[in-house]
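The structure under discussion appears below in the form of C-alpha cells.
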Amino acid sequence: MLQYTIRRLLSIIPVMLVVSIIVFMIVHLTPGNPAYLILGEDSSAEAVQQLEEQLGLDQPIVVQFFDWVTNVFKGDLGESVYSSEPVLSIILDRIGPTFSVMLISMIFTLVIAIPIAIFVVWKRQTVLDPLFISASLLGASIPEFWFAMLLVLGLGVSIPIFPVAGYIPIAEGFLLWLHHLILPAFVLATVEIGLISRMLRDGMLEAVNQDYTKTARAKGIKESVVLMKHVFANALIPTTTVIGVTIAGLLGGTVIIETIFTIPGIGQLLIDSIHRRDYPVIQGVVLFIAVIYVVINLLVDLLYGLLDPRIRYD
Amino acid sequence: MSEPLLELKDIKMYFPIKEKVFKKPVNHVKAVNGVSLTVRQGETLGIVGESGCGKSTLARTIVGLLEPSSGDILFEGKSILGYNKKQMHELRRDIQMVYQDPYTSLNPRMKAGEIIAAPLKAFKMTSNLNERVYELLDLVGLKREDAEKFPHQFSGGQRQRIGIARALALNPKLLILDEPVSALDVSVQAQVINLLEDLQEELGLTYVFIAHDLSVIKHIADKVAVMYLGKVMELSDSDTLYHHSKHPYTNALLSAIPLPDPEKERQRQRIMLKGELPSPANPPTGCIFHTRCPIAQESCKQHIPVLEEKDGSNPNHQVACFYPQETEAIVSSN
Amino acid sequence: MLEIKNLKTYIDTENGTVKAVDDVSFQIKAGETICIVGESGSGKSVLAHSIMQLNPSPPAFHPEGEILFEGKNLLDVSEKELRRVRGNEISMIFQDPMSSLNPVFRVGDQLIEAIRSHEKVSKKAAKKRALELLTDVGIPDPERRLHDYPHQFSGGMRQRVLIAIALAGRPKVLIADEPTTALDVTIQAQILELMRSIQKKYGTAIILITHDLGVVAQIADRVLVMYSGRIVEKGSVSDIFYRSTMPYTWSLLRSLPRIDSDASNRLIPIQGQPSNLIDRPKGCHFQPRCPFATKACLEIDPSLTERGEGHWAACILSEEEFFNKKQEFEVNAQKGAVK
Amino acid sequence: ACGNQEQSAGGAGDSNEPAGDPVEGGTLTIAYPSEPDTLDWMSTGATPTRDIAWHIFEPLLALDNDYQVQPMIAEDFTVSDDETLYTITLRDDVKFHDGSDVTVDDVIASLDRWRTVSSVGKESDRFIESVTAVDDKTIEIQLTEVYNAFLSDMAAPKNALMIIPEEIAEEAGEQPLTPEQLIGTGPYQFDNWSRGSEIVLTKFEDYAARDETDLGGLTGEKVAYFDKLDFQIVKDPQVAINGIKTDLYDYALSIPNDLYDVVETDPSIDPVSYINGYSTITPDKSEPPFDDIKVREALNLALDKEAIAEATYGNSDFYSFDGALFDPEQTKLYSEEGTENYLNFDPEQAKELLAESDYNGESLKIMHSNDSETYKRISQIMKQQLEEVGFTIEIVPLEWATYLEQWSDPANWDIVVVGWSTRFSPNELGMLVNDINSSGWYDSERWRGLIDDWAVASDDEARLDILSEMNETVWEELPFIKVANETRLDIKGEQVQLEETWVGPRFWGAWKNQ
Amino acid sequence: MLKKKRNLVALSILLLLTIATITADVWLPVSPGFIDAAQRLLPPSGTFWFGTDHFGRDVFALTVVAARVSLTVGFTVAVLATILGTITGLIAGYYKKADFIIMRVIDGMLAFPSLLLALALVAALGGSVTNIIIALTFSFWPVMTRIVRSAVLQINSVQYIEAAKTSGVSDPVVISKYVLPNVLSPIIVQGTFIFAKAILAEAALSFLGVGVDPSTPTWGNMLQESQIYISIAPWISIFPGLAIVVTVLALNMLGDGLRDSFDPHARKNKKRKQHFVKTKIAS
C-alpha cells in the first residue's frame, strides 16, 4: 500500500511535465507582456526592455522554461511579477478560501444528494423517480452565476439571512466563516447535487437488483436498512470517482462563485494573474492545481480499497 | 493412428499478480503449470477439472489469445509460438474456438449473418459470401431467415449454434470448445452435442472439448485429460478413464458425479475431498494434490510425481501419482 | 408446514405480462426435501422468490393464490410480520454463491447481521453463534474467517456461508435455488452432504431448485417438474425417474448423457423452442414440442391428475396410453435411425 | 455639493452635504471595482492607483476645489518674473509614515524620479534646467525657457509628483514602488494588501495637516476621522449594491448608471456623482482609410453621438454633450469655441464623402478593451451607425493586456474606443501629447504648434485662445472623436458623510454617523 | 410509451429552436441586433414578447438568434470532444501499451484549468466562436477519453471481442465494429451532457469577459450583459436563462432516449445477459 502510494505519487512527475509544458507554452505565447502592463501605456521602450531583462523575459523561451523547471524542482515557484511575493506563499494565502468553499459545498452536496438518492431508490417505481431526474437536470442546467445572483437577491438582500459577499477566515470565528460560505457553497453544490445524486441513484439501482441485496432482504432486514447499508455501500465506487473528479474540477472552477461572492480564492488568483500576465503565478497555480488533482485522484483510488475490499494495491 | 495435429509441450502460463503499471510482480498465478498433450487428427480430447484449474487458460493459449510463459505449441508439426502477425492471422483459419457463454460471445449489435461472415471478411473470402453464410447456417441447423436476427432473438442453443457456425466458417482443422454447453439447459445441451458429433463426422474435425460435466465428456471425448491446479493429473482414453481411473483426484471426481438415477445414486459411496482448493499462486509443494488427497503419504509432500503410464497394459493411460489405485468403477458395465 | 395454493405470479413488462408462475400448488412437510426441476425460464426462481415475497413488486404481482405458512397467508401479512418470517422461519439460498454475498462487508458481519435481525442478542453472543454456524457448515478456522471478505473465500466456502446465513434463524423451511450450479462436482457433493446433515439435525424442510437431475436423484424425496410456469408433474423421486407419465419429464430425462451407461448413444434433445411465457401456445403448453401430441392436445389444457399415490401429472394421456406411445416412439426412433 | 456641474445626477448632490458632527473612529469599507497593479501614483496614471494612493501620498503642489494650484507639502511657492525660476519652500513639520521628516533631499529625489517615470513629469522634464536645494527648506527649479504649464504639471493628480523618502525614490528608480516602499505623508498609511481581496490603510497618527480648512480637491486641511480604510476588491456592481444595502460596504464606486433608479429609491443608499472624463473614438490615422481626412469626416458625420450616449449611458443625468477638451467645471481650461463640428450628424453627407474617398468597403476593425462595458456598448452602436453609411465593420474586443500590445501596431486596428479620465492640462491629453507613435498616429504640425504655444502662454486669456484653437484643430483634423462627457456614479450608505468634490472618492474629512 | 412521448417533445423543442434560429432572418420583423435607445428596458408586451434590453433590442429576437451561436458551440464542442475523446479512449482502452502515455497526457489535460486555455486563446486570438469551441473542446475531451476508456476496459475481456480476435478479425475492425458499438451508450449520454455543459460554459466564459464577441448575441453574453439589470429588468436575463434550461433539459431527455432507442431490446437483453453473466462474476 505504501509502496503503491509512493509509486502513484511519483507518477505525478509525468503529469506535471505535461502540464508544465502546456502551461508554459500557452502563457508565453499569449500576447501581452507584464513589463508593458506594469509600466503602463505611456512607458518608454527602454523602460520596458529594462524591466523585461530584470524579469528574465528577454531570454529564449526554452531557456526560460528550463530555468523555471529547475527552480520548481528545487521547490521554488518564483515570485510574482507584481508583488514580488513568493508564488507559493501567494497560493497558500489563496487556497484557504477556495478549500473552504469546496469543503462546505461538498458537505452540502453529500448531505443533500445522499438522502435524495436513497429516497428515490426507495421509491423507485413511483413518479418520484422521473421527477427527480428532471430536477437533478434542472440543477445542472441553471447557469451558476444566474442562480447565485437570484439567491443573493433573495436570501442576502430581500430577506437578509446571509451576507451577500465576502470571506472571513476561520481563525476569526467558525460561525462567521460558515455564515459567509453558505450561499456560495450552496450554489456550487446545486450543480453537483444533481450529478452526484444521479450517479448514486444509478449505482444503487444497479445494486438493488443484485443477489446480495436479495440475501439481505431474505434475512428479514428492513428495506430502509437494506438500502442504506447494503445497497448504498456498493454504489460508492463510481460515486467516489465522480466526487474526486468534481473536487478537482472545483479547484479551477470556482472563479465565478469567487467573483460573485468576492472570495479571494485560487480561481480569482488565476484569472487575475492571467489578466496581468503574471507568468510565475499562473504557472504556479496551474501546477498546484495539477498536483492537487493527482493527489485527489490518488486518494480516491486509495479510498476504493476501503470501500471495496476486493480492490487491493499491493 | 492419425497424425498429431496439435502438440502442447510443457506449457506454462503464469500471470503476474500486479495491479498497476509500475509494479514489479511479486508472485504469479500459475494458471497452467507444465502441460503436455497431444491431439490427433479427427479425435476429441476432453479436458475436465475443478473450476479455476486452468482449462480456459490453456484453451486461450492454444488459440493465441495468450502467449505462454514457457513451453511450445506445435500445430501440424510446426511451432506456432514464433509466428508473426501475418502467420498468426493465417493460423486462425485452422484453429477456431467456441466459447462457453452463448450470449457474451456474440456481439449483441451484429446480426447472426454478420457474425458468421466476420471471419470470412477478415480473410477476404467475400466471394459468394451470402451463399457461404447460408450454407453454414444450414450446417448448424439454422434457417436462412435467421441471418437477419440479432443474438437476443435466439434461444441459448441456437446462439451456441451461431458460435459454432462462426468457428466453422473458415474450415478450421481444430476446434477448441471451452465449456460450450455448461450454460445450457439439459435438453438444449443435447442439441448442441449432437450437432458437434455430426459435424465431426461430416467434416473430420478435431476437437479439444473442455467441460465441467463428466457425463458430457464421457459422451463426446475419445481421450480425457484431468487437470488439477494447472497440471494434468491423469490422461487416458475415455473408456479406460471412466472404468479404470487411477488417480485419487479422478476417483474423487468420478465418485462425486450425481447420477440421474435415484436408486443407484443412493447406494453409492463417495470419496469426499477434504479442504479447499489451494491457491494457484501458492501451489502446495510436492504433489500439488497432497493437501486434499485421501491417500497422501509423507513423501507426497516432498516429491513431484510425473505424468507417466503406470500400467504396462495400456500405454495410453498416464497418471501423475505415486500411489495410483483403481477404485471401483462407478460405471457399471451393463 | 408450507402450503402453496393456486399461486400465480405475473410480471408486467413492456412486451406484455409474463406469467412466470401460473397456478402452482404444492405443500411441504418438516424434514422433507422437495426438488424443483424444469427448463430454464420456466419460473422456478420466481416461484421461490414468491414464497419469500422477494420479487420486485411492481412489476411482479399475484393475481391469485395463497402461500400458507403455519396457517397464515404470507401474501396478506404485514411487512413487519413478513420480515419476521424471512430468514427466521423461511430462508433462502440464491442461485449464485459468487454474487449473493455483499462484497464490501466482512463475512462475519453479514452473518452476525442475519443473527441479530431476528434475535435480540448482544454482539458478543451473536458472534459466538456465528462461529458455531461456520463450524456447522464446515468452514475451517472460523475465528479467522469471520474477518475475511467474501472475495477471500472460494466458491464452495461462500456457498457454505450462505447456508450459514440461511440457517442463522433456524428456519423451518430452506429454499435453495440452484445452490451448486457454479461449483464443480466435488464441492457440490460437500454442499449436498452438509444440507442433508442439517436437515437431519433441525428437521428443516428443504426446497431445492436444480437443473441437475443427478442431484435430484441423490437428494430429493419428492420432485416437482415445471414447464412454462406450471407444475406439469409431481411425485416421489422414483415416480418421476421411473414412472413418469408426462412427456416433458420423460423427454428431459432422455436428453441426458448418461455416465452410467456405456452406450455412446446419440442424445435425444427436445425438439422446438422453449415456451414463451407471455404468449403461450393454445391447449397444452408443451404440445408444440411434444412427441406424443395429438389433435386433442391443441384444444385441451390438461390439469394435474393423480396417477398414483402422490403422483400427479398434467397430460391428457393416461398412463397406459403414455406407455404405448413411448414404446411406439422408441421403435420408430430405432427404425428411423439417425435423423 | 461643491461645484458639481449642473448636469450631475439630478438632486443627488443636495442630499450629500455632510450632516451632524464628525464622528471619529471606525472603519470605512469601500467596494472598489478593480484592483490596482501598483499603488505608485507617480509611475502610473491608472485610476485605481490614484483613487487609493492619494490617501497615502501627497504631492508638492495640488489642485484645490477650483482646479487652482495650491501648495500641499510645499509651504509656498513663487515664480520669478521671467517665469523660469520657481522657488518652493517646504513645511517644517511634515513627517513620513516611517517617522522621518520630509527634507529637501526627499523632495529633490522625488522630483528626479517624477521627471523620469511620470508621463506628465517627462513633459516638464524637457524644460527643467536644474533643481537645487537652496537651504534645508527651500528648493529652486530653473527652467530652460518659459513653460507655463509647469505648476499645473507639478500639481497634476495623474502620475503625480508625490513626495517619498529619498532612499526609496532612488531604490525604486523607474520601477513601480513595491508594497514595502509605500511610505508617504498622507493622512492614511499603507497597512496591508491582500492581493485579490483588499487593501487596508490605517490612520496616520502623526499626520501634519495644513492649517487652512479643507480646500476641496487634493489639498488643504485633511482630517482622518476613520481609523481604517478598507478597500475591498468587488468586481461586480450588483454585489456592491447588495453590499451597501446590507451594510457590508459603506461606499462603492462605478455603479452602472442604469441602476441609478434602484439606488435612488432605496433610502439606505445615497448616490454620489462626479465628472469622469469622456470616451473617445480614435481612428488610426497612419493608414488608409482614416489617413484621409475625408473618411474621418465621414466617420464623424456618421456618428449620432446622442444616440450613442443614450444607449451607452442610459440615464441622461449621467452624460452631457460637449465637444470641448476639458470639463466646464475646469473654468480655466474650458472653452466651447471651435466645437461646432461635434454634434454634426449627417449620414447622407457621410455617404457622399465616403463615395468620394478611396474607401471601398473593406472591413475595418474597431478594437476595444473588453473590460469596459462602456467601450463595448459604444463599439456596438457605432458599428450599426457606421454600417448604415457604408462602412464595413468588425469589432475586436480584446483583453487589456493584449489590447495594450496590439495598440502599438497600426496593422492591428482601424478604430479604437477608449476612455479618457478627467485631465487637468493639455499636457495630459494622452495620445495627443506624446510622440506620434502612441497617438493613433496623429501627426499634425498645427497641433504641435499649439502645444508649444501652450507652454509659453502668458495668461489665462491667451490660454483660452489656445484652447479654442485646440478644440477647432481637434474637430477639424479629427484625431479622435469625443462621445460625451461622462458622470460617474458612486454610492454610499446613508450614514456615511462626505463632501463631494470633483476628485471622486476622497475619504479624509469623511465620517460615519452611528 | 410515456418515454417515447418525452423523446418526441424533446426532439420537437430542439428542432423548433434550430429551425427558428436558422430562419430567423426571414421571419423576425426587426433585425435582432437593431439598437434603438428610445426603446430601452421595456418590459414584455404585445410588441416585445420578452421585453427589450439596454440597447432597446427585442429580447425575443435576440434569444432566438442567440441560439445560433449557443447551439453551434454546444453541438460542435459535443461532436469534437466526442470524436476526439472516443478515438483516444478507444486506443487507450484497447492497446495496453498506448494506455499509459495517452492517459498521462489526458491527466495533464484534465488537470489543466480549461479557463486558462480559454482566456489564453481569447487573449491571443480574440473571442471568436472558433476559439471558444477550441478551448471548450480541450476541456471536455479528456473527460470523454476517460469514460470511453473505462467502458472499453470493461468490455475488452468480453468474449465476443476475444471471439472476433480469434476469428482473425483485424484490430481496426474489432475496435470499430465490436468495441465501439458496445460502448456507445455512455458515449451518447456523455455527449449530450457535454452539449449542455458547453452551452453553460460559453455563458460562464462570457461572464468572465472571455466569451464570444459581445456584438454576436449568445445566450451566454446575453445573460452576462443583463446581470446588472436583474433587479430592474429581470426579463432580459430570465428568457435566455430559460432558453438554456429548456434546451439542456430537452437534450438530456433526448440523450436518454437516444441511448434507449439505440438498443431497442436494451431491457430484454440486459435481463438475459445478467442471467448468464451471473456465474462469471469472480472476485
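Chains here go by letter, A, B, C, D and E, matching the order in which they are written, and residues are numbered from 1 within each.
The definition used in the following text is that a contact is a pair of C-beta atoms (placed from the backbone, for glycine too) under 8 Å apart; a residue touches a chain by one contact, two chains touch by 3 or more.
In this text the structure is predicted, and so the values were computed from the model without any measurement.
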{"item": "Maximum centroid distance from chain B, chain identifier (CA atoms)", "value": "D"}
{"item": "Chain pair with the higher count of C-beta pairs in contact (A-D, B-E)", "value": "A-D"}
{"item": "Chain A and chain D: spacing of chain centres that average the CA atoms, whole Å", "value": "40"}
{"item": "Centre-of-Cα separation between chain C and chain A, whole angstrom", "value": "53"}
{"item": "Rounded Å distance between chain B and chain C, as computed from the means of their C-alpha atoms", "value": "30"}
{"item": "Centre-to-centre distance between chain E and chain A (centres being mean Cα positions), rounded to whole Å", "value": "21"}
{"item": "Residues of chain B engaged with two or more neighbouring chains", "value": "none"}
{"item": "Chain A residues counted as touching two or more neighbouring chains", "value": "11, 30-32, 149, 153, 209, 211, 259, 275, 310"}
{"item": "Residues of chain C engaged with two or more neighbouring chains", "value": "95-96, 99, 103, 151, 182"}
{"item": "Complex interface listing, chain C residues touching chain B", "value": "39-40, 140, 154-157, 182-190, 192-193, 211-218, 220, 237-238, 241, 251-253, 255-262, 264, 266-270, 273-274"}
{"item": "Complex interface listing, chain D residues touching chain E", "value": "236-238, 256, 258-259, 261-262, 307, 310-311, 314, 370-371, 373, 376-377, 379-381, 383-384, 395-399, 401-402"}
{"item": "In the complex with chain A, residue positions of chain D that touch it", "value": "35, 37-38, 43-46, 117, 119, 122, 159, 174-176, 178-179, 193-198, 232-236, 238-239, 242-243, 245-246, 248, 399-402, 404-407, 430, 434, 438"}
{"item": "Chain B-touching residues of chain E, taken from the complex the two chains share", "value": "100, 158-160, 162-170, 173, 177-178, 181-182, 263, 265, 268-269, 272-273, 276-277, 279-280"}
{"item": "Complex contacts: residues of chain E adjacent to chain A", "value": "104-105, 107-117, 119-120, 123-124, 143, 196, 200, 203-204, 207-208, 220, 223-224, 227, 230-231, 237, 241, 244-245, 248-249, 252, 274, 278, 283"}
